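The structures come next, written out as structure tokens.
One chain, chain A, links the two complexes that follow: it is found with chain B in the first and with chain C in the second.
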Partner chain A sequence: MRDDDLGLARLRVRAAWLFLAPTLAVLAVVAGWPLLRTIWFSFTDAELIDLENYRFIGFANYLEYYEGEWLGLLADPAWWRAVWRTVWFALVSVSIEAVLGMVVALALNARFPLRGLVRAAILIPWAIPTIVSARMWAWMLNDQFGVINHALLGLGILSEPVAWMADPDLAMWAVVIVDVWKTTPFVALLILAALQMLPADCYEAARVDGIHPVRVFFRVTLPLIRPALIVALIFRALDSLRVFDLIYVLTANAAGTQSMSVYARQQLVDFQDVGYGSAASTLLFLVIALLTLSVVLLGRLRLGGESTR
Partner chain B sequence: MASVELRNVQKRFDRTTVIRDVDLRIGDGEFCVFVGPSGCGKSTLLRLVAGLESVSAGSIHIGGEDVTAKPPRERGIAMVFQSYALYPHMTVHQNIAFGLEMGRARRAEIDAKVRAVAETLELTPLLDRLPKQLSGGQRQRVAIGRAIVREPQVFLFDEPLSNLDASLRVQMRIEIARLHQSMRTTMIYVTHDQVEAMTLADRIVVLNAGRIEQTGAPVELYRHPRNLFVAGFIGSTRMNFLPVRAEGSAAGVVTVGLPGGARLDVPVAGAGARPGEALTLGIRPEHVRLEGEGAALAGPVEVVEELGDEQLAYLRAPDGTLLTARIPEGARLREGQPGRFHLPPAACHLFREDGTALPRRD
Partner chain C sequence: MNGRALLARGGFALLLLAIGAFALFPFYHAVVTSFRSGTELFSPALWPETLDLSNYVQVFTQLNFGRTILNSVLVAAAVVGLSLLLAVTASYALGRVRFRGRGALMLTILGVSMFPQVAVLSGMFELIRALGLYDTLPGLMLANLVLTLPFTVWVLTTFMRELPKELEEAAYADGASPLTVIRRVFLPLLWPAMAPTALLAFIVSWNEFLFAFTFTLSAETRTVPVAIALLSGGSRQELPWGLVMAASVIVTIPVVLLVLAFQRKIVSGLTAGAVKG
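== the complex of A and B ==
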């Protein structure tokens, strides 16, 4: 008996590896190899124009003491500004998306006429490619021809046109607004899916017991959808820490709105400094990995652990 | 404690009428059971009393007060759901206390109440557990505890035992009966299980297709079913029905011809039947005898089911009807052999073609 069981278990493990093999192979080629190559380049002085000839220079791209001065990425104030700006962007946009996503999901979970149509319509911003929606918003926010200035002027809220993208603070808020507009549907969709899994009879019990709906929301709904909410927020946080296309389309390389990704691209492509750009990319990777890890640990999210039911 | 009164209550969902003109008065402290097949509207009727659904017409009164337009929390009710409806992320203690925290009661007061209820239901050692760590019976007790702790005027039970296995169901049934004896609160209990209805109820309401077929004490429904539906529904082994023809009618007696030619004088109260009228004769399997008085039906015994203390024998009557008899163990009936079922006249029921019963004498 025992031998048979073990044989069966071994057979299952072998089958599992067999099914996983294609995925692992593809991951190794499209994720593992570029990642390792980027990390390797970050220790070299490679340049984009000639990737064949480079020297290993150790941690010089990260930090180096040279003729009485600290040099390298970790000593570059522009890099640190990009880091804090990106983290600020992630915190602000993901918080707004969580609240709005919850409101939208609760609304879509209620019963009303044409609910199916509204559920489909709300997904449109999420379905549009970021490049397209960023371009669209760039036009809408244009200081001279933009519909937003036109409308605000017409309503008398503004007395003169605002150059939304010229002021770095305003520009970052514009980026946040566009990001919220685009990705709230995603958060709402994940929360809606969780809401639909909730046990309906608990709500009837709460109604019979006369518990106020607001209290039911905070004491019953929120704890029960917390796992789904945290998954949605981790997805969103990872996305927004990597934010690139939105900012690049809206404000190009403007120093006042650079995110970590935009900074890395500028070093790597515009300045041709593959070594330095790779170092920035590697740090970006580490920052995201650390933040994710701490969120998972702090949220005590048992990924793959026991369910709530 | 309070009485519950339903006056001409109707409920429609879109164009389907689920409850038709239900008129019912449930006395203070009464244990009333709604019973009927699935889809008969019994759960809907309970939800109307609870206020989870609104009536389409008619009115509902609890404790003499019209609550038709009131939300559930103002009706003084507590409900136990079929699926228990416990909050999965709260401990037993939190589940029981959750409904109390609204009332601005102090923490110590709430805790005392929760512990008292837990004590009666033997839940004290489980207070810190989550619902998923409990067995079905324990969860059901928590759900009942959550209802008790609110000290409602009326308890509503929606098929509370149907998710439990058979032995646990009997045990919980006894606990609920004991609970009613000690609390003396009005209880309305919905079930599709007529055994639960018979054992628990002071009064049974038999529902069918949104209508009340009959209301009465369990024994009354058992002895004097008003129509074919109630006769077939009440009784743990279904009543046998045989098509017969009235051959004569004297004072208090209707003579019917059985399939196979035998005649039977069935005692009735009041008016009899017209000679020649097509009737349905009903007799419960536990009243069928293998020998003794009364006319007999002969035919092959098709199946004998052994239940240990007794047997269920199935006999094919001359007209093709399959008759069931509950007979004591050791009766010498063999499958495939001819047999005779005797029908004691006093145990027989007669029904007219429209399904209504001829009143019985006893």
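== the complex of A and C ==
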């Protein structure tokens, strides 16, 4: 009997690897190999027009001292502006999404008529393609005919129309608004799922003791849903560090609003400089990989005691 | 009911109204705009005064949008089908069998879903050109697998893990092979999880922009997001906004309907993918 069990276990492990092989092969082809090639290209002077003839040039795309001047990505102020802009965007938009997502989740956690309808309604911004959202908001923010300027003028908040996309700082705030509009539903629904798993009895106890709801929120609710909140915000932060579509279409690829991804694509495709663009892509990949890795390691240390899975 | 309770109720209703308005107004405004054209667009409107369908007609006749939509549907369908096919067996292995290196594999697959798209852009460009797939739909199908496969495997694996152990033990005791167990025992149970997973993967592919924008060139291979991003008028200053909005509404309505139909399941799919990870 024992031998049979062992044989079965071995058979299943062998079958498992067989079942995994196609997926792993596809992932190696579409993810592993292109990533390695991108990293390799970042050490070359390859051009998009002819990817077969290139030279290995070491770290010159990253940093190079040439005739008394520092050259390369790490000495390029435009790259660093793109980096700080992306980090600013990630911090600001994710913070706003956390607060608004919490408000929406708490509201939807209450019982009221038509709750299903409201929950469905907030999913709509999330489902709309990013390109379409960018276009819809670009039209609403249009300086001459946009409904937002029109409303703000009508309410007397503005005295003259604002050209939202002309000023890079304003344009970045517009990007934040659209991102918040699009992704708050995701954050809210994840928080809502966590809220609905909370035990009802501690709220009952708090109510009987007459503790103020705000106090209950900070003392009971927030600590209990913190794991889910952190996971949602990490996903969002990693997402916003990669931001491309929204900025590219909303601000029409303007130099003053480039994110890291937009900068890398411009070097790669528009300027055909595969070496330099790949260097930028590689740095972005490293930033995100380090962040993911630290999150996973921290998560493991923290969750290690609670779960064996 | 006393005054304070009434005030609280009113405040709550206002909050819900604000949430609803913020979520829905941009799309509503796009619908209203899509029925207007010419100088009508110069004065903002809150209600549609006329139901002028000329923008919609123009989207299909002048822009050949039917072809564009077909392209997007073909790419998304192939990507979803391939991802599910691969993920069913992979998720059985990752979710039901204990073996060394399983945790590391799961982390690797999760890691791939965190890849920034530009990080594989130049390598993928080279690969697609070497395979002769540049400016073709199969090229896009291949590229989009990076985005859908890891997450499909992940969601199905979390679902697979929850199923009771007795299920397969009985089948193995009867001498069934692992492949039979997957087909006969797990596949029927997986359907409820496959529908939302497929839908989420479909949306990811339907909305994908960077790959489609980089790996295609001609109008015949354009997908929906690329076509909308490239829509422009005579000059950059005067976009044909009515036309843009009509195209936007057309491509959004199917997704919105699907999302509304599968609302509950999508939420559980999203939470399985994110929270349990």
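Definition applied: the second predicted complex is superposed on the first by the 268 of 309 C-alpha atoms of A that agree within 3 Å, B and C clash if a C-alpha of one lies under 4 Å from a C-alpha of the other, contacts with A are read in each partner's own complex, and residues count from 1 in each chain.
One rule holds for everything that comes next: contacts are C-beta pairs under 8 Å (C-beta built on N, C-alpha and C of every residue); 3 or more make two chains touch, one makes a residue touch a chain.
Remember, predicted model here, so these are calculated numbers, not experimental data.
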{"item": "Chain B versus chain C as contact partner of A:91, first or second or both or neither", "value": "neither"}
{"item": "First (chain B), second (chain C), both or neither touched by A:220", "value": "first"}
{"item": "Touched partner set for A:211, first chain B, second chain C, both or neither", "value": "first"}
{"item": "Chain B versus chain C as contact partner of A:252, first or second or both or neither", "value": "second"}
{"item": "More chain A residues in contact - chain B or chain C", "value": "C"}
{"item": "Chain B versus chain C as contact partner of A:28, first or second or both or neither", "value": "neither"}
{"item": "Contact residues common to both interfaces of chain A (with chain B and with chain C)", "value": "309"}
{"item": "Interface residues, chain A side, partner chain B - complex", "value": "199, 201-202, 204-212, 215, 219-220, 223-224, 308-309"}
{"item": "Complex interface listing, chain A residues touching chain C", "value": "8, 11-13, 15-17, 19-20, 22-24, 26-27, 29-31, 33-38, 41, 46, 48, 51, 103-104, 107, 110, 112, 116, 118-133, 135-137, 139-140, 142, 144-147, 150-151, 181, 185-186, 189-190, 192-194, 228, 231-232, 235, 238, 241-242, 244-245, 248-249, 252, 261, 264-265, 268-269, 274, 277-278, 280-282, 284-285, 288-289, 292, 296, 309"}
{"item": "Complex contacts: residues of chain C adjacent to chain A", "value": "12, 15-16, 19-20, 22-24, 26-27, 29-30, 33, 41-44, 82, 86-87, 89-90, 92-94, 97-99, 105, 107, 109-112, 114-127, 129, 142-143, 145-146, 149-150, 153, 161, 172, 177-179, 182, 203, 206-207, 209-210, 214, 224-225, 228-229, 236, 241, 244-245, 248, 251-252, 255-256, 258-260, 263, 266-268, 270-271, 274-275, 277"}
{"item": "Partner chain A, residues of chain B touching it in the complex", "value": "50-52, 71-74, 77-79, 81-89, 98-99, 102, 132, 146, 150"}
